[in-house]
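Take a look at the structures below.
The two complexes that follow have subunit A in common; it is paired with subunit B in the first and with subunit C in the second.
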Partner chain A sequence: MNTDALSSAIASQLVMLFAALMLVLQLLLVAQQMLLVAVRLYALQSLMLTAIAGVVAYYYNAPHVYIVAVLTLAGKVVFLPWLLNRIVRDIKIHKEVEPLLNAATSTLICLGLAVLGFIVARPFTTLERLGSNTLAIAVTLLLTGFFLMFNRRKAITQVLALLTVENGIMLAAIALTSYGMPLVVEIGIFFDVLVAVMVLGILVYRIRESFDSVDTAKLTRLKG
Partner chain B sequence: MLLAYLIFIPAAASLFCLVIRSRPLMEWANILAFAATLVLALALGQTVLAAGVLTEWDGFFYADALSAWMVLLISAVSLGASLYAGGYFRRDVAGNALTPGRVKEYFVLTPLFSACMFFAVLANNLGVMWFAIEATALSSVLLVALYNRKTSLEAAWKYVMLGGLGLALALFGTVFTYAAAIGKGGAEPLPSFDWSHFMTIAGQLNPRMIKLAFVFVLIGYGAKAGLAPMHTWLPDAHSEAPSPTSAMLSGISLKVAIYALLRFHILAMQCLGPGFSRALLLCFGLFSMFLAAPFILVQGNLKRMLAYSSLEHVGLICSGVGLGTPLTLFGALLHMGYHALTKPALFFAAGNIHQRYHSMKFRVIGPGVIKTLPVTVLFMGLAAAAIVGLPPFGLFYSELTILSGAVAAHRLIISFLILAALVAVFCGVLKQLSRILIGEPPQSPSSRTLASPTPVPPVPQGELGTAPKRARANDRSAMDGVPAMGLLIAALLLFSLWLPAPLLHLLQKTANLIGGKA
Partner chain C sequence: MNLNLPAFLLQTALLLLLSPLVTGCIRNWKAKLQNRRGPRVWQPYFDLAKCLRKDRVISEHASWIFSAAPCVLFFSSLLAGLMTPLVTTSPPLSLFGDALAVVGLLALGRFFLALGGLDPASAFGGMGSSREMSIAAVAEPALMLSIFTVAIGAGSTDLGRIVTVAQGPGWQLLAPAHLMAFAALFVVLLAETGRIPVDNPATHLELTMIHEAMLLEYSGRDLALMEWGASVKQLVLMAILSNIFVPIGLATGHSISDLALGLAVFVAKILLLSAGVVLVETVNAKLRLFRVPDLLSAAFVLATLALFSTFLFGIK
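Then we have the complex of A and B:
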């Protein structure tokens, strides 16, 4: 541990700060209707996750967490937002239609979910590990991600919601285990997410071609 | 190198199909790859019987009796699907239902799909198992959307989004499982996430975390396995996919998700005792069986009905595991195998019917398919008799084994509930199939159009236009898909009447493993 360079208290505070910023960005994402802005908010949220991984790697002097941080930076801060940006521009749909629940109600619900997240995480919150108190935020990201998915109708926003859920799980992995998952698992998850977004992108293009829209509320033919 | 080859051979076949252009060559590459994996699967079964456990690559790959049984099923179903796929897609291309490019997509993605399933059941690390299962979903989603119809895109979207949600929850549960081991079993800060390591420290894991983890994993992988109420993607995906893919999704992909559940179930039993995870599995299993029955009774679409029947069988398998006596475990494993042989044959027959009638709706297909497709109806009838659990087919014995196990364990109410659901599904499937398979077909397509109260737009015109051409093609197409269906049904009959001793030992070993008596 590089305890000289970075005291445990400061490292813990930094992790907490970045995690809190992830939650703030998530709330902005829930209230946001412009798709390009939403993609940028996701990129920023991933950047916060990278920062957390960086702090953890530096504090524990763990080379494999550095690799995870670099992968997150390259994949989730640069590549995926670029890909999603391109898809949004190609399909020429920039604005989400009015969601099921409006921005004010959504924000209130998300605050409720945050309280729920803190209650759920409470029994597992011990202070023995760096960032273990961020579990509550991770659970909240998971819950609000699910909410975002059900509340929105554009295919792109649903993909973003799934990606924020994944960010939440990665945060939970750091919160619960301090080092995150073993490297082979982290790399596997990373490539799965990249491939998932590419596959979803292909589907979005095809849905756009067939339905002349990416409104998933129109996907209602299959019943029973 | 046995385990590595099981993954690399289909992966290589996938790459090979990517670079070549000749369709017959792609068909053969698929068939040969899966024939090779079937041989390897048999060899693996032998090895596991002799040695108990096989590991490779420093323990990265791990195979015990349960993995060997799954590998055998994956190979058999994939081989059956690849035997059927060649002719099926030739007819689709001839009928302009698909472009050759899309067919190539099928032959590239299918071996990849199988390779991911092999990877999932052979991975030692539970996190690696998660991303292998996610990879099976990703490699099959474009197969579901292969026809590019509006409905198939909708099905693919639901499949990937609901599957993604489910798998996210499963990953959360996986993270919790890993966290439960931190600081246990040695001072190492980053413990191994290998299954073999976890089984040795199962007693020391944090029980509260394992409890929470199992709930997340059950909901997550349960969604992938099609357990109700997370099953809503299942009938859509299974009915909209091309028939060979439906067969693989129903026949084996659901069971790979059950395999993942079983791994966590074994771990939870070691850590928490048997009660907790068994009760949950039994609840979800029974609920799935009861939800499937009414949907089968009112279903108007052949492939959707088959999908709901899969839901019922998955429910039965989970109930058998949830009951947890040696007899019900054995029955559940046996049921997995028989279902894997039967359901693909049904989907192949449904594929033949679809290519003839261009619809899956009972109303459009109408009665009297036996007059136009006698061979297909013969196989469908046999497979249907098997799937509802009529003797002499194996599903009868496996269902009886589960039921008698439940009665022997004095779970009378549970056995009654299972029996009631089985009877309801029995009536539903036979009633629905008798609507279309037997009887007199309408005199001519035009009179049927007049007779039907609501006009069914595209189909009657299509039938009018191509009716003479069809009549000529009749003799030639009588044998469509017979090799695949025939082999599956023959294998089903053979193994129903005679269970080879090594297979029996393998199943007993697996049942002991799940029962916690390794």
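Then we have the complex of A and C:
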């Protein structure tokens, strides 16, 4: 086996490994009720995404993917978790009281979603290319992210769910397109998310101020 | 391929002699980590010897099942161990059964263990049996699915064959499917051997015990057989976990040096795995009984995902 084929095999194994870890972290997130731990899991998941971006950038020797990796590291591993941590500490709610479905049921539902994602992505995974198999995991992250969003009542967890959906999209963008998307698009998505989370953060404060709770189920009546 | 008598005897001896040592090591190391001196490593041998010498007391309400259960548990664990590759890639009884037979034998042992708990009609025994069975109902599918994950890669459910293929080239140790299956099997190991997130092996507190609750009525040599059988079962599960996923150093031939090397590596792997179990036991608190299905369903989900990713990522 020549060195080129070898490095390709190692690179694709690494990408697969990190993508699978992202999926596992997502499932842990679905089962997790403590908000601070959930934020930490999200940070870890983003770290895996950074690692994938790093591997892809190194393999294709693509400088702009390095930029994406650095942005992901700075934004999603360090800044956003720090911001969410601060919000959780400020509103002093550390635990999701009761998700609509309990942990065992929701992990099983997510298993079903994962299987669905795997089946949907199956026809596209025969391509002999780096990381083409990660489409299944990207789709699964998307589906389970949406599930997480409507399974939880707290606004913070819903923000986290949105972020994991975005992680899934980024995973598809980095690993699936051969050099990642154009830098402009990547940066666009990145700042979109950044601003969205900051706005949502402020919204969480506001919800708490006017309703004494961050339970979104209570947002059914208008308050004068 | 016929029955190889020396191999049969050697593996039986290894299973019987090594398993109390593993139990003793886990107890001793756990105590050390908690700043206690702890019992000596070979204390379980003395315990077994003492129990074997003692008379037994049997409740007058107990039927023949009560006395039969320890034997069934002991011999089913031993048979399962003889079908599992420990030191060599060809276990002595591999002709008689594959991974499914091993899982089935372990299930048979558990069935009789639960019956033995129910039989004397003590409240605690029944409670332990019901808990054991409800945990097993989730743990067993996870065990099967993780073994199937590697079996698909090897193209056979024969454990010896799986290990042989795993030693060959083209086996991806770090494939996501294998990692997930390993994690799932580790959780199953904790659940099946009654380790801390699921059951506390050191407690006799009524509300929390599972395995101990079923053994409460046993004494004398019945208790010895029960304890011995449980530690053999623990060794078998550990051997499956370590040899399938880390198939390093298994002897392929039957020369003395091969076997010695295989034995040394095997003991090292088992002790390393025990150290992992000790660490998990020390840093985790016992889960509330109603949270245990969450943990086990996570293991089940991991194992299922592992199985699906073998198709997706195409190991081999």
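Here is the rule we go by: the second predicted complex is superposed on the first by the 213 of 224 C-alpha atoms of A that agree within 3 Å, B and C clash if a C-alpha of one lies under 4 Å from a C-alpha of the other, contacts with A are read in each partner's own complex, and residues count from 1 in each chain.
Keep this in mind: a contact is a pair of C-beta atoms (placed from the backbone, for glycine too) under 8 Å apart; a residue touches a chain by one contact, two chains touch by 3 or more.
None of the values given here were measured: they were computed from a predicted structure.
J.: Fit or clash for subunit B plus subunit C once both are placed on subunit A?
T.: By the criteria stated at the top, subunit C and subunit B fit after superposition, with no clash.
J.: Applying the touch criterion given at the start, work out whether A:V24 contacts subunit B, subunit C, both or neither, answering first, second, both or neither.
T.: In the superposition, A:V24 contacts subunit C only.
J.: Touch test for A:D192: subunit B only (first), subunit C only (second), both, or neither?
T.: In the superposed model, A:D192 contacts subunit B only, not subunit C.
J.: Per the contact definition in the header, classify A:L100: touching subunit B only (first), subunit C only (second), both, or neither.
T.: In the superposition, A:L100 contacts neither subunit B nor subunit C.
J.: Is A:A217 touching the first partner subunit B, the second partner subunit C, both, or neither of them?
T.: It touches nothing on subunit B or subunit C.
J.: Which partner does A:Q13 reach: the first (subunit B), the second (subunit C), both, or neither?
T.: Second partner only.
J.: Check the residue A:M34 against both partner chains and state whether it touches subunit B (first), subunit C (second), both, or neither.
T.: Touch partners of A:M34: none, neither subunit B nor subunit C.
J.: Touching A:L108 in the superposition: subunit B (first), subunit C (second), both, neither?
T.: Touch partner of A:L108: subunit C, not subunit B.
J.: Anyone got the angle at subunit A's C-alpha centre between subunit B and subunit C, nearest 10 degrees?
T.: 150
J.: Determine, for the superposed model, which of the two partners subunit B and subunit C contacts more residues of subunit A.
T.: B
J.: Which of the two partners, first being subunit B and second being subunit C, lies in contact with A:R122: first, second, both, or neither?
T.: second
J.: Closest Cα approach between subunit B and subunit C after superposing, in Å?
T.: For subunit B and subunit C in the superposition, the minimum C-alpha gap reads 19 Å.
J.: In their complex, what parts of subunit A are in touch with subunit B?
T.: 60, 64, 123-124, 142, 146, 149, 155, 158, 162, 165-166, 169, 172-173, 176-179, 181-182, 184-185, 188-189, 191-192, 195-196, 199-200, 202-203, 206-207, 210-211, 216, 219-222, 224
J.: Please output the residues of subunit B touching subunit A within their complex, sorted ascending.
T.: 125, 127-128, 130-132, 134-135, 138, 141-142, 145, 148-151, 153-158, 160-161, 164-165, 168, 171-172, 175-176, 178-179, 182, 189-190, 192-193, 208-209, 235-236, 239-240, 295, 298-301, 304
J.: For a test of understanding, state which residues of subunit A touch subunit C in their complex under the given definition.
T.: Touch residues, subunit A against subunit C: 13, 16-17, 19-21, 23-24, 27-28, 31, 102-104, 107-108, 110-111, 114-115, 118, 121-122, 125, 133, 136.
J.: Over in the complex, which subunit C residues touch subunit A? Could you list them?
T.: Interface residues on subunit C, with respect to subunit A: 172, 174-177, 179-180, 183, 293-294, 297-298, 301-302, 304-305, 308-309, 311-313.
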